[in-house]
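What follows is a pair of complexes built around chain A, which joins chain B in one and chain C in the other.
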Partner chain A sequence: MRTAAAALDLVRPKSVEQALRAMADDPSLVPIAGCTDVFVGLNAGTFPGTRFLDLWPLEELREIGIRNGAIAIGALATHAMIQESAAVTSRIPILAAACREIGGIQIQNRGTLGGNVANGSPAGDTLPVLAVADAVVVLRSASGERRVPFNAFFTGYRTTVRRPDELIVAFELPPIVDVQWFRKVGTRAAQAISKVVMAVVGGERPRIAVGSVGPTVIRCTKTEAAIAGGATFDEASHILEAEVQPIDDIRSTASYRRRVCGNLLRRFGADTGR
Partner chain B sequence: MRLRVNGRDWEVDAPPMARLLDVLRVQCELPGTKEGCGEGECGACTVLVDGEPVCSCLVPVAHADGAEVTTIEGLGGDHRLQRAFAEHGAAQCGICTPGMIMAALALPSSPSLDDVRVALAGNICRCTGYHAIYRAILRA
Partner chain C sequence: MPAVGTNVPRKDSTEKVTGTARYVDDLVFPGMLHARTIRSTIPRGRIRDVRLSFDRAGFTIIDHRDVTGRNVVALIEDDQPLLAEREIRHVAEPILLLAHEDLDTLRRARVDIDYEPLEPLFDPTRSTQLLKDLRIVKGDVEQALAGAEVVVEGEYRTGHQEQLYIEPNGVIAVPENGGVTVHGSLQCPFYVHKALRIALGLPDDRIRVVQTETGGGFGGKEEYPSVIAAHAALLALKAKRPVKLIYDRLEDMLATTKRHPSIVRHRTGVTRDGRLVAMDIEVLMDGGAYVTLSPVVLSRGAIHAAGPYRCDHVRIEARAVGTNTPPNGAFRGFGAPQTQFAVEVQMERIAEALSMDPARLRELNALRPGDTTATGQRVEADCSALQVLQQAVERSDFHGKRERYAGTNRGIGLSLFFHGAGFTGSGEVKLASRAALCTTERGVRILVGSAEIGQGTRTMHAQIVADSLGIPYEDVETGLPDTSNVPDSGPTVASRTCMVVGGILQRCASDLRERIGDMHPREHFTKHGATVVTKEYEPPHGIAWDDDTYRGDAYATYAWACDVAEVEMDPDTYEIRPIHFTAVQDIGKAIHPVLVAGQIEGGTAQGIGYALIEEVVMREGAMANAQMTNYLVPTTLDTPTMDVVIVETPSHHGPFGAKGVGEMPIDGPAPAIVNAIRHLGLDIRQIPATPERIAEAACVSA
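== the complex of A and B ==
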């Protein structure tokens, strides 16, 4: 049962400042951008919101650039834009790789990085990349701006530290010197939602994050510490299998997901000669 | 809202959150764009907005305000892709065909098979299979 469009309000601000004022005045407003998640819920009649704030035309939130040595990616940068950005492909190719795995071209042309994070699905393909990149989420409200480490952004299943009057405006990703690795496992190569999605940044103490195996993306700090302490990748894979918290659901089973997590970490070791 | 659809200007009186798909099919009377899944999985509703393929079931009409929209009707019936689909038997039930052709339009000239597979990764066919479709696009 599709939601009747006539019952839905859309506030159309001309600037980010206008958008932030609208959010301060009316916390029930749901910010929208590419709509690739919101309209799935509206079309199914399951989306609870009825008042929306249109961010899509706000070009200033779409910029990708370098700021204080970090790559700054506007929340409205689409998955297609991120793949085409030389700054992204030269500095953090695993983010471009993750964006390439999201839906088809049609979704990549509309879906945004900010939307992938704000939607908060544990299966969001860019989330493990932002986690291992030690990204910073830039939140802005009418009363100011604050920066939250991405790894402290999610508090549980689809819940975050973002206040209702705050907007995700950008992500800042510091430089990465070590090897980067990304792998998504789904039912088919295209148009699949992840069963397991993993990103790794190598080094003495690697950074490992996995999606679709818990209420939100998980930074696997026990496994990271074990490798830093001299564990082999085979030993670390067993630790990882115990550290993740998958469930049985429509896409896969908990036991399959644990096994795949271990295998992916071994694959990272093999691919990078460790 | 003002849309330019297949080269013609439309003054559209619709709620801003109406789906572009419905506005095209009902108000503009262009039923060539099909609804399949309604959730961005199948690509049957693909149209071009400012030259980029999008799923029109996921686009509020407000996001096409002032934009150039191209639907399958905009190709006129004798486009090289339309001829190739007919010549190579690249359609069976035909529901996916307009979306496949609109997605293929965004390909560069002389695409590789891999280019075609990637460009059509968001389009699902449940009867013909993909080989005839790929063949049609490669030879169009």
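== the complex of A and C ==
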């Protein structure tokens, strides 16, 4: 590890309340859940923070249950727990599918949904699913709780509306009646960061979201509107290719990503008989 | 019971499986310091000023002025400095070395360097810095081309490839006995020994190199350990304390050698019925900033550039040139994967141009015993190119599948290839390797400089010695080479450790058997004390090579193989998934069939990575994806089922008929896969054939 370990501090709260109070008192505290993203930065010696708040023992943030008809997933639920949850696999199987494609088993046992979202990487594999699920992010601080639509959570590349004194405590996902579809495209069959990751919920007015093709995950509202307005999937694919904003980077090219987005939407159309 | 040909337990298995094997980073010496290398951040320029912005208490600091011997990495040419003086030729060039007992303090130390930047050159086609050129001429190519019924031309490109051994480079230097001992993860203890002698200016007997258990090499620990060992040794001698220098993955990928990128052009004349009449080949390799091993990589690449084919008129012009990237170096296959990729895709395009079955084209032209190669070498009875081809075609149902897959998203392709065992040309004669056996209270001990790097050296050598002496395998002792007590058996490279070093050991064994009569060596030891037999390499009879003209017997012998790749393309994402692989490989004799199959499977997987996903992204002369997050190698899910067939046509050059198996398996997968992609109707001539490149080709052909 390139970061000097001796210079790091770790605070271990006993309850969510204690954690929130600590965050209110010390805005430099970085919450860590599974630490799978944070550790990569520490190992490379590029992570700026030195004071950490360990959320891992906070069992109450790990619950998955049904609340007011919505499925509520605690921020600390791991990708492995999500795949095993009957509530998830019966109501929103594409979330389980996304979690199954995150890293390997070790990462899935440790990495959390809250961490995947709070980390804010546009390549986070659960993000397009939460976007098409019209999820709600539940944020809590010492001074109270607020609910933010997932689609208003990100404000730019790795920036969110979360205040430094707030924790993500849960996600609420309303029921989905229409067909669900998910596809991750990485450089190899497993253990790869997405080059394109797409989730779709069908219906008269479908919901489409794509990751790794812009500074944040993108809800493709123009494409959605075009389909709602009667466009064919082939026509909609062209609109989607224009709507996403990919770049050339070390993993892929903008033109490849655009083309694959279009193809995947056509595939969704074909798979779901449209 | 004979050991050769059976799957005896590996000599190193218990320690490795139980985790008790000690790798260099597991070792701790009293008073040991940790070291760090300060490197250039620009690809070309001059150093103006170096400022140390930290408290120097407890630090040992070294720059080029502290080099006690010559400031060079002693290899083929002495052009590479151990520590840059003024001129910078690539990103990550070592400038300064720091050591301190506390790792965190060491890491925090800030060094600022001012440069006068110069315009770097990254395009090898524009380079005027010639590192090596050579020419192989057989017959009259121009005339034959002029008379050919059909001429096919093509250009083929291959990228860098990172060895990605699981254990990064690392050493510990310990000052002792008026000199220094270096313990390290390495393939060639005596290369390191020589480099240290020149860098430190110490006599031979003051330098000792001990290999530690090594977590893979693939060529990446052939020449590079000379650099890191000299760095640690300079620090240790100045500090008068042991110094540990271990690279993390990022530094290892950024600073150490990779496979040479290549551009190969072919102009081939053929008759309408598919006989090769002329092969005109130009090979260009990008050597990076210093010569390192480029001349010999180029040489092996050029000798294999015409493939395992008979052709009377061949001209191969090969050049390695300099660019401002970190030097490229040894990597499994050593130039042959690049040039055999080119010739095998060219063969496919010839078949396409003639509307001919690709297997038939190869069958017509494959070398048979008695034919001559491009260098004029007459191949012997162990030349089995035709047999491996026919067997692979049959086993894979090549023709049936070629028909069934046509027009689907599946494709099937093949490659026919060969690999010379041992050093090129007069290399083995110049090396004059030695190996020894010593009787012990258990039986006999093998004394060689050959390194176990995961491939099974110790086990395979012990099998050869056991059967040659007629004693149980368990009675043969092996160990880690230590230059102070083993003879120099040459480097552990070039698919030579079985055929060449194993051959010397076999001679040691028969000599020892003569000396001790019918006795078990243990019994002889008890009665007479230790007996040591040392033997030197003896050049095989009737082998002649001319370094100046590149004519003659380039290798004592060759191994032969044919790969068949079946792939499937995802029409939405353009990903190519290998679905099945057939590898028929004739290596003379499988001393240990499981280890041999492991080499073939592993080399094939590494070749699949080379073909499809392993892409070194270079930006401004530096590897931009120098982490395992973004430089990806195949996982088991990316690796297809493999039908590995070991063919054993014995060669009289190796022990029990064995040739080499370490490298050949990586020569074939890339062209077989690209030819399978061509079967899908996509014109690919470059690797890695990433989905991005496939998408472009699909766009053109649509």
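As a working rule, the second predicted complex is superposed on the first by the 273 of 274 C-alpha atoms of A that agree within 3 Å, B and C clash if a C-alpha of one lies under 4 Å from a C-alpha of the other, contacts with A are read in each partner's own complex, and residues count from 1 in each chain.
As a convention for this text, a residue touches a chain if its C-beta (ideal position, glycine included) is under 8 Å from a C-beta of that chain, and two chains touch if they have at least 3 such contacts.
Only a predicted model underlies this, so the values are computations on that prediction, with no experimental measurement involved.
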Exercise for the section: For A:259, decide between first (touching chain B), second (touching chain C), both and neither. Expected result: second
Handout entry: Which of chain B and chain C A:12 touches, first, second, both or neither
Key = first
Problem - Touched partner set for A:105, first chain B, second chain C, both or neither - result: first
Exercise for the section: Kindly classify A:185 by the partners it touches after superposition: chain B alone (first), chain C alone (second), both, or neither? Expected result: second
Problem - Partner chain(s) touched by A:2 [first = chain B, second = chain C, both, neither] - result: both
Practice task
Once the structures are superposed on A, label A:44 by its partner contacts, choosing first (chain B), second (chain C), both or neither.
Solution key: both
Exercise for the section: Could you give the residue numbers on chain A that contact chain B in one complex and chain C in the other? Expected result: 2, 5-6, 40, 44, 189-191
Exercise for the section: Can you check the complex and tell me which residues of chain C touch chain A? Expected result: 103-104, 107-108, 248, 250, 571-575, 577, 613, 617, 624-625, 627, 629-630, 632, 634-635, 637-638, 690-692, 695, 699
Problem - Footprint of chain C on chain A - complex, ascending - result: 2, 4-7, 40, 44-45, 183, 185, 187-193, 196, 250-253, 255-256, 259-260, 263-264, 266-267
Problem - chain B residues touching chain A - in the complex, by the definition given at the top - result: 14-19, 22, 38-41, 43, 46, 52-55, 57-60, 62-63, 103, 106, 117-124
Fill in the blank from the handout: So, in the complex, the side of chain A touching chain B is made of residues 2, 5-6, 8-10, 12, 32, 34-36, 39-40, 42-44, 52, 54, 56, 80, 103-107, 109-110, 189-191
